[in-house]
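Right after this note come the structures.
One chain, chain A, appears in both complexes that follow, with chain B as partner in the first and chain C in the second.
Now for the complex of A and B:
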């Protein structure tokens, strides 16, 4: 009764999409309006932290090799760290802006984990292609949260940060367990199901 | 019917704030994206042929997840945010 791996990817894509939309809304209205309601302040950091927590059962039940387990475990850790640091910052428990470095670190760790745990080439299957694409996107996009450490109120950077999550969500939605990518599908990948 | 009241409304109140417009569009645009995807790839919707499908195939249908995300955002985040944005504009005036 376990969902397929692709379904878990789609559920996390939905979380990322909500995260992106929330961040985009915050970027559009500005922090002053956004923080008028207390619960809203905790919304996206809580979402990020929650996704980190949910990554643990994914690590426990959906990984079929040590390298997959390490990758998912590291995502759980860095998501919880980045979300938790942001929760501390918005609550006022943490004051140093350097805590925001946890987000670019999370991006770099996530991107590296994607690239390292994908053992197949780009055109092996769609999932392999998306793992490479997601990995390089995370690594490249790490400069955006890094810029936010120094320019936290820059609307352009905030919007770019939000849209990064929307793009990442779109990539995760495209994932299938076994499916061709641009007409390529290795016979070793298996037989596509519905 | 007289329309004099409408004519007397200040232009700033009639013209909606661009930020408010952007916020109110985010949810519907996301829902529209999900619906367009559903129309473009109907085979991704298990609900159209549910017979014999398992629980997870019926629950996780990507286009419907996008629609759900748009609806959640529109009702949970955007709606109260628009109220706060309007209040902020009133106090700033």
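Now for the complex of A and C:
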């Protein structure tokens, strides 16, 4: 018995929210304080890596179309890549700052996959609207982790990076399988079930 | 460049103009079921309202005769009338017009009075292509690299003073193997689905893959994907933390999850297969992966990265390879006897001919391996240590690995080929008719 797609979205929204709040805490107290407890440095990269591992079941079980499968597979891979690269950096296994480029790459891949796999119009239903919004947010916000590659200690950029995840989490929490958006629901979308 | 960028942004901004789509939730009769009376209608329940046109639902018997009738829409259901069916296996090919005029498609099978055939054997499916052979070959290679690298590290390098650089490189090699295995698994599943659906790429992207996911191959794909995702995480932690202990569950899981290929192959799903053929196929695959992947890891990593370890690892691997080859041969001979009960099947059937090529290549690898074990091994024992000789041994190991990789290519073709039909008590009816 598969859960509704919206429930899976909520689970990953929780992950994104935790990720954003962890990053926000780091940005607020500053890296020096944050890194006084070594385990804390592993928190958000570990979370991203774990979400990548957990995305594989979503890819494998939701096979109602090939494009869905490819989108979820690409998210699983870039989450593991970006999380894994950050874990390598904080642990000292990787040293080049260019590994941080994996995060903006993950944003671009994620955003593109959102836009390509959502084939309904913006106002078709709430989930369609949010998929478009999420896609464009990921694409636009890719400049933030890109800036962090060059200015890793800039507090403003760190805060923006953290808040991006909080905003993305809020969007995913708003997701419903069949629900209106701003009063619009396509007559082709079916009956709202919530 | 600017134009390219603009086109890309436009494509992302207006995808819906070309292709909104509905998803099939369930059907009546269900996918792959056996019904006891001829269904008067077939019902497709979607998550969105769809439109239908005449001819959008075909109900095909194993000769390609269409029993489909008028198609209508009621709420979220598309309902197709069905003419009275004779007993037999049937393929349902359907289309529906989704929101914004996009066409969604799918295929599934059911049986009336007989067991439903696999959707892979749906009427119209063309069978494996060259692309599928190559993808499966890369799949085998990547699994062999993963299992062989992990096995060599845990069995042949156990207790030795392994340089960290070599340790990490083995983890990286095993990790690359898993990533490629995941990618090729997706590609193999997509190709198999594309063959069953028989759709152009634009429509295939939105084709319903659920019936394919419900087949033995689909289930194997799902289980292997989940298992190897965890294996990848374990290998990553071994690399990150320099803890070999993480490789132990990774190795055991790899050995376990590779069984997915055996449990979805001919020796598991074809008529006449039973637990012994499944077990033999699994042993054949797992032992071959350990042998070939271990050989490649020895030749490409240990030989180059750890000159001091060449001699002990060579001897240990030689023993491991002997056991692996014995298992490969025992299981392979048993399966050949089961699949080809008559000797002339070897040259009179396509399957037998491919098997002959594989046997010849295996004999070449065995001869090469025998040379390494019986000539090179004792020479190393006697203390041959000049750089020139050791470099030649390294190249010889690479050569053996390349021929072994060729064996896997032929194995990939063999897996995609259909063995001669076995005489069994109650022959099942199959919907499959090759075009």
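Convention: the second predicted complex is superposed on the first by the 192 of 194 C-alpha atoms of A that agree within 3 Å, B and C clash if a C-alpha of one lies under 4 Å from a C-alpha of the other, contacts with A are read in each partner's own complex, and residues count from 1 in each chain.
The working rule: contacts are C-beta pairs under 8 Å (C-beta built on N, C-alpha and C of every residue); 3 or more make two chains touch, one makes a residue touch a chain.
Being a predicted model, the structure only gives us computed values, none of them experimental.
Once the complexes are laid over each other on chain A, chain B and chain C both fit without any clash.
Chain centres taken from Cα atoms put the angle at chain A, between chain B and chain C, at 130 degrees to the nearest 10. Contacts of A:142 after superposition: neither chain B nor chain C is touched.
In the superposed model, A:79 lies in contact with neither chain B nor chain C. In the superposition on chain A, A:120 contacts chain C only, with no contact to chain B. In the overlay built on the shared chain, the residue A:13 is in contact with chain B alone; chain C does not reach it. More residues of chain A are in touch with C than with the other of chain B and chain C. Look at A:87: by the touch rule set out above, it reaches chain C but stays clear of chain B. Legend: residue contacts after superposition of the two complexes on their common chain; A:40 is shown touching chain B, with no touch to chain C.
Closest CA pair between chain B and chain C after superposition: 19 Å apart. On chain A, the patch touched by chain B and the patch touched by chain C do not overlap at any residue. Chain A makes touch with chain C in their complex at residues 49, 53, 56-57, 59-61, 63-67, 69-70, 73, 76-77, 80, 84, 87-88, 91, 93, 112, 115-116, 118-122, 124, 128, 135, 139, 177-178, 186-191. By the touch rule above, chain A contacts chain B in their complex via residues 1-4, 7, 10-11, 13-14, 17-18, 21-22, 24-25, 28-29, 32-34, 36-37, 40, 43, 173, 194. The part of chain C that touches chain A in the complex is made up of residues 12, 15-17, 19-24, 46-49, 76, 98-100, 102, 104, 179, 182, 186, 190, 193, 204-210, 212-213, 218, 221-222, 225-226, 229-230, 232-233, 236, 239-241.
Here chain B touches chain A in the complex through residues 19, 22-23, 26-27, 30, 43, 54-57, 60, 62, 65-66, 68-70, 72-73, 77-78, 80-81, 84-85, 87-88, going by the rule given at the top.
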